[in-house]
Amino acid sequence: MVAALWVAGVLPLLTAAVLLALSRLPRRVPETAVFVISLASAAISLVAAVLVVWRRPSVDLPWVPGLGLRWQLGVDGISGPLLVLAAAVTVLAVLQVRTEPTKGGSPALHQACLAAVQGGAALTFLARDAVLFFVAFEIVLIPMWVLIAVFGDRSEPGRAKAAATTFVLYTVAGSTIMLTGIVGLVYAGGTADLARLSGSGIPAGQQTLLAAVLLLGLAVKVPLWPLHSWLPAAHTTAPTSGSMVLAAVLLKMGTYGVVRLVVGPLHEGFARLAPIVGTLAVIGILWAGLICLVERSLKRVIAYSSVAHMGVVMLALASGSALGLQAALYGNLAHGVISALLFAVVGGLKHRWHGDDLQLARPGARDLSPRLGLALVLGLAASLGVPALAGFWAEFLTVVAAWSPADGRSVGYFRVLAALAALGAVLGAAYALRVARLVWAGSDTGDAREPVAKWPDLHAAEWVVVSTLALAVVVLGVWPNGLMQLAAPVVRDLLGVAR
Amino acid sequence: MNLQAWPVQPGQLVVLVPAATAVLMVLLARRSNAVNFAIAILGALLGLGAAGLLAAQAARGPLPADLPTIGALPVGPGIAIPLRLHIDHIAVLVTGAVAIVSLTVQAFARWYLFHDPRYRQFAATVALFTAAMQLVVVSDDVLLTLVGWELMGWCSYLLIGHDSEREKARRAAYKAFLVTRFADAPFVVGIAALAVVAQTTSIRAIVQHWSALSGSLTLTAALICIICGVAGKSAQVPFQDWLPDAMEGPTPASALIHAATMVAAGTIVLARFAPLLAGNGTARLVLAISAGLSTVFAAALAFCQHDLKRLLAWSTVSQVGLMLLAIAALRPGVTPDLAVLHLLSHAAFKALLFLVVGWLAVLTGSTVVERLSGAVTDHPRTRRLVAAGLLALAGVPPTMGFVSKDLIVDEALRSAADRDAASVVAALALIIVVPLTAAYAMRAWLVLTHRTVSERYQELDVIDDSRSVREVGLAEMLREAEPVDAHGHALEPAPAPDPEPVDDSPRPPIPTRGLLWVLALVAVFGGVLILSPWLTVDYLHPNWWIVASALMAMAAAAILVRAMALRTVYGDAAARLPRYVRSVASRGLDLDRVYVALVATPVLALARVVARLDGAGERGVAALPGAAERFGRWSETKHRRTPTTGLVAVALGVLVIGLLGVTLW
Amino acid sequence: MKVSVNWLTLLPVLVPALAAILVLLVDAVLPRRTALHWWFAAAALVGGMVATVPAARAPVRTLCGSGQPCLYAADRVTAALQLAAFACSLVAVLLAVPVRRASRLTAVEASAVLSATAGAVGVGAARDLGAWLVLLELATLPLVALVAFRARRTAVDGALSMLTTALTSFGVTAVGAALWFSATGSATFLGDAAAQAMLDDDKRRGVVLAVLLLVAGVAFKLSLAPFHAWTPEAFDGASTPIGALLATTSKIAAVAALVVVLRSASAISSSTLYVLGALALASMTLGNLMALREQRTLRFLAWSTIAQAGWVVLPLSTVDRPGLPASVAYLVVYAVATLVVFAVVTLVAHADGRDAATDLSAYRGILRTRPVAGLALALALLVLAGLPPGVVGLVAKVAAIVPVVHQHAWWLAIGAALNAMLGVAVYLRWLWLLWQPAGAAQRDPAHPVHRVVVALGLLALVVTSVLPGTVLAFLR
Amino acid sequence: MIHAWLPAVLVAVLFGLGLYGVLARRNAVLVLIGVELMIAAAGLLLVTSGAVHPDPRRAGLTLTLFLITIAAAEIAVALGVVIAVFRARGDVDMSLATGETRVVDATDPNIPVMSQRDGA
């Protein structure tokens, strides 16, 4: 079973290396071979991830003795689902690349980047060592940078590179600040073991300081308002597969970090900062929601909606109760699936439209390509929190959690936040339906419609990608218990020890 | 048949069957309409069967009160989310009504939307809608209630926006969802507040917990929040405006939304919380004011509508207001069964009316007064159905509408006698609305049965023809002209009398019409339900004075309307009203513009400001590399690349370091 | 006074020093054998490396007077620095082998390289003020000469700039040394003389000033801002192998010298050492900002060196015990990565002409045209930026930040974090070019020696990235 | 160091003069002289301190000798470089940027243009 652990974490990185080497060969490697290799690797690591979650093996090997850095890998109920999500979304992203012709570079490089991102994310979720967590956290940056800069939207010269660089710089700044926090945490806690960190009684004052530094760093990745401005540009320019991975994998790492490094070990410090975090989260919800009402670019709308959703997750975390933590974890996962779905659909639309400007009048997607339309409307519905779809549970439970924050937080203030978050949900509906109205139902006003050339509807691989995600959205929405039960013991541990 | 031993109880089936139907239809969406219809109708029948089983179960003995769904959510200490169902007699009745209406709508939709390319989506949405409503009805968990509640909102969005080629339909759908969602924000907060203190989301537990704290301010606030949400879904003041716009949806959708499901859901939810409301005068007063205003205001507007479908829409607002008034006038210890009774009767007659109007609209092409005027006369098949529906709507004895409404009035007046503020408001509103209802029902009847002007002219033509003499010229006579009589009329053997005109106008197939007849029968004779042991209604001691005076008022209103309708072109009593009144009323008093001005415009303006700020922030971030580069360039000019500047820097560095070191120490 | 001498222990210094003389002798006997000199120098450096091995296993010391502490001492950290210095010089020499140059100067150049290496190796082990000064200058002056030897216009300009700065710094260092002696009364960096002097109010300022002046003097070699101005000129002027030497061996010598001073001055309060922190931040910021817009490869590398020097010094700014090893660790990683970059630059310069290598845009598409060199360059840049897949660079940055955080010097940590971001921006600029489509220029095959060096460099980077422990083993 | 104030002042003055010389002179040779002054200051300080701290190894004096030796070596290298510079560009002016040449007479066509960059 330990092998599964390594396969889940390291195989994608090896695949990335192999693909990178292949892409440098003087002779062109057939595209199909590249595809098969990357798909096989992603699928195998998905299987391995499932096995890991099921059997829960763990590994502990020294790596850099001087720093006390160890290969300490394992999963629990919080990281397991994220691990599987990362692997699954990568499988889909690999498929997605197949449907959209790669522009700007070789397919091998594209797939290599995806594999590397997956490897980094998997290691992030597998890491039980705080410093290893950081190292894994950084792995995803360069592949993502290449994905955006090299394979990104070429319509405006230089934009892709600028967006990619902004993304990397923002994230590096955040993660290096996080590193200082981690080092401080490890020093104060006396151990780098994430599981044991939450039990180490760090004095309250120091907790606050460490929590502030860590949150400052992680807020970039989450992203928490006002540190979100890298996100829209990155999403808009990234290729579809990149957007999917960015939304479904990378953003999860931020919140996961908050749970692992801040909520657990720095319980008191986090409690002191919770009102600030909650406030920023709610501002983020409203802010992003408002922007989505007037934003012209469809991809940017989806990107901003990510900001809003992560705001919900952060608010739930800030509430500090077991309910809040569950809501946050669930919301995190749900957002991963939903935004991956939306980006897959929107990427397909952009491809067919040759642009994603919402101001242009277009015929409705529901008639021209029913599958695409169905997937879009499903994604939007999930995003606005329609029940029986993934987005609902987190949204409602967050309001409940914020209404009754854990001890040490101002109840009155959090209730105001809860009410504002509920209002934010209205904005969420407003912008999701704005998109539905313009894109799904169509924005052309002429009743006598010209016969429009049908776009190709979703086909083959694209349809597999979209329908899998849609299925996941529905399953998560109808049956939330499984995941919550998985996380429940960990949540109790995280909060119970500190109490 | 031992129902108790089934792995899936009928109480769960009523929700599961329609939901499964919807899923099946989505999965098989590429198949033909016929297959789809088969699934839909089968699903609806099964759903009805499940409701029937439930009723059978209830008739036999005690219900399995507590049913699990997906299992409790393990969300840790502090709160329990059991997610269970609770079946009581109210639930049994309402699930039955919902199942019947749903079945009728499914059957009717197949006919109504026969050529519609989106029929499949429509049918699936209707099934899902049904499931959601059933969930609300049988739910014992605020979270489940919210699931059904929001799901209905979403389905209503899909149904209203069915004809999304039309901008108006898109807008109406958007508006409906947003308004209800906006009202849901306080609703969510309200149930969260209740659940948090009770530490559970089970409705019965919440009610039990809070009953001990009936005076608490939190409770009042939470209840008002919930009322707010109910007002949104049920289109009560101040959220009423989405409902008439929702008439952009196909008629079967309107029937579903208005009759048994979405707008009535508010009544069910409030009925669940009735014990808490009964003890809380403030919340009831708020409810009474909102519902009272709605019922009167909507009835008045209904009278003025130019479009009969919108008339029905406003009447829905008015009727739901009635149900809510019944709850607002509740005294402690009294069950909200009256409201549920009215819900049932409203479900029957409103579904009937909508579907028949839809039928007529297919025949005449529109639902405006001009087109529908005299439609019933032209198409006598619809006559009895319309009559049954309108009579029940007006509350003419002995229809079910009469029974339920009269009992509400009775109850409210009784409570008002106790000087309960909410009841006084409710009673006032009821007194006004009873004749108003009769008036608009009468108006609709007169319009529909109007013998149109063209028919009258035709009759006149026949009379005139016999007298007029046709000029016949010589030339015509020389030609081989038709033989004519002395008057110049063609000398033909008297034409064989026309065969009895065959009414070959389109009509729904027989089973569908049968279902309509079922609805009509329920609307007329459903009043007997008060005799059932499932409803605790005090029908034995009616105040005959009240009954009589209400009937008098209704009769007076009807006569007045008849008088007004005399000598109007379309038999429309409202034509006597000034034109601007009618046009403003048809636009719902232009409240839409007020909404836009008060909410939409400021929010959009704010959004633009925020977007601009965010754009500035993003540009600022994006400009940082440029700024760094500029700094680098500036700094490059300072590095003159000469050895001397390097030396100056060294010297400065030594001095600064020395100073720092010595001083810092 | 009797001083015991263990020649075996002194071998690491003696081998290159004697080899430097020997080269000149050989040249006198067999003139104009260019390749021979370089290979001889390489052999000597390998020999020096071998001689260092005992010190790497266990601390060694010699030149011990009776009852006096020893004047030559090398522990694991020192040995690591010595090994690194040898390795860097070796690579520089290997890079220089194929480079065409005036043959009459080869012997002198080889000799200069060897003597600079001897200085770099010795200065870390010297515990005596005089030897320290001599060896420090021995590590510096040959380099100035090496830069000047290229005799091109930019080279002499660079040499002049470097020379004057070096001399001034030496003046400052000399005064610092004199102050040290006058304040502590000891001409060695041994014992607790400094600690004793710190107790005396009168001498305290003297000691602090002495340490700071010594630091300022060495800071020139490390090219910390504001002592950095010579760096771009010298890098731009020197031939690329010599540039590699300047960027690595010279830095190693400086750090070795600094380590000697700071070890003996550990009694000085941390607030004074924060001056080092300020220097580090200033260097990072300035270097990164300037590199952000630099178009010429060698100047870019110079600015990068300045920024990296900031990272090297960062952990030293704490008196924390892990500070020294962390600094050395970072230095080693930096040296490896920088050498690889220089190797690639040399390879390109040698194959396509220097003009083709000195502009950043020349590296467009190198990932396609020269995959191995391109990958090596990319990985080296990533190591310098501290981003995976250059894991070792990242781990080194972690190691550098750890002592800072342990001291709760949050301002330093945050400043460093922001500079990490700037650094990434710097290296991504170059990295971006590697992905770009290449121009249609004719590519000549690279010299085999260069190819081998580059390939080995790539291998080293890969191995150390997978197993960072191999480089950072002495962190404990 | 009660008796050593006079040498200390002298050291400061010498160092300051040297530093001034380094900064103020544009001719490289004069800069070298400035550096020599600084080293002389260091030597003086060493000698003084050596007198104050009696030491069996005569460290102060030894160090001074060391310094003088190093200084000599430095000057040797430095003059070599200066000569190389003079050969390469005809002057040893330190205030000229890299690649820049002094303009003696703008009308003289024989003199290379200003700011001419060395290609390599």
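Here the chain labels run A, B, C and D in written order, and each chain numbers its own residues starting at 1.
To be clear about the criterion, a contact is a pair of C-beta atoms (placed from the backbone, for glycine too) under 8 Å apart; a residue touches a chain by one contact, two chains touch by 3 or more.
Please read all numbers here as calculations on a predicted model, not as lab measurements.
Touching chain B and chain D at once are the following chains: C. Central chain by Cα centroid: A, whose mean Cα position is closest to the mean of all protein Cα atoms. Note on chain placement: the centre of chain A and the centre of chain C lie 42 Å apart, centres being C-alpha means.
With each centre defined as the average position of its C-alpha atoms, the distance from chain A to chain D rounds to 61 Å.
In whole angstrom, the spacing between the mean C-alpha positions of chain B and chain C is 79.
One inter-chain figure worth recording: chain C and chain D are separated by 24 Å, centre to centre, where each centre is the mean of the chain's CA atoms.
Shared contact sites, meaning residues of chain B that touch two or more other chains, fall at 625, 641-643, 647, 651. Across the assembly, chain D contributes 19, 22, 28, 31, 94, 96, 98-99 as residues in contact with two or more other chains.
Multi-chain contact residues of chain A, defined as those touching 2 or more other chains: 165, 169-170. Pairs of chains that satisfy the touch definition comprise A-B, A-C, B-C, B-D, C-D. Interface residues of chain B, counted against chain D in their complex, comprise 640-644, 647-648, 651. Note for the complex: chain D touches chain B at residues 19, 22-23, 26, 28, 31, 94-100.
In the complex of the two chains, the chain D residues touching chain C come out as 1, 11, 15, 18-19, 22, 28, 31-32, 34-35, 38-39, 41-43, 45-46, 48-50, 52-53, 55-57, 59-60, 62-63, 66-67, 69-70, 73-74, 77-78, 80-82, 84-85, 87-89, 92, 94, 96, 98-99, 118-120.
Those residues of chain A lying in contact with chain B across their complex are 162, 165-166, 169-170, 226, 229-230, 232-233, 287, 290-291, 293-295, 321-323, 325-327, 364, 366-367, 370, 374, 381, 385-388, 392-393, 396-397, 399-400, 403-404, 418-419, 422-423, 425-426, 429-430, 433-434, 437, 440-442, 445, 447, 449, 478-481, 484-485, 488, 491-492, 495. Residues 625, 628-629, 631-633, 635-636, 639, 641-643, 645-647, 649-654, 657-658, 660-662, 664-665 of chain B are the ones touching chain C in the complex.
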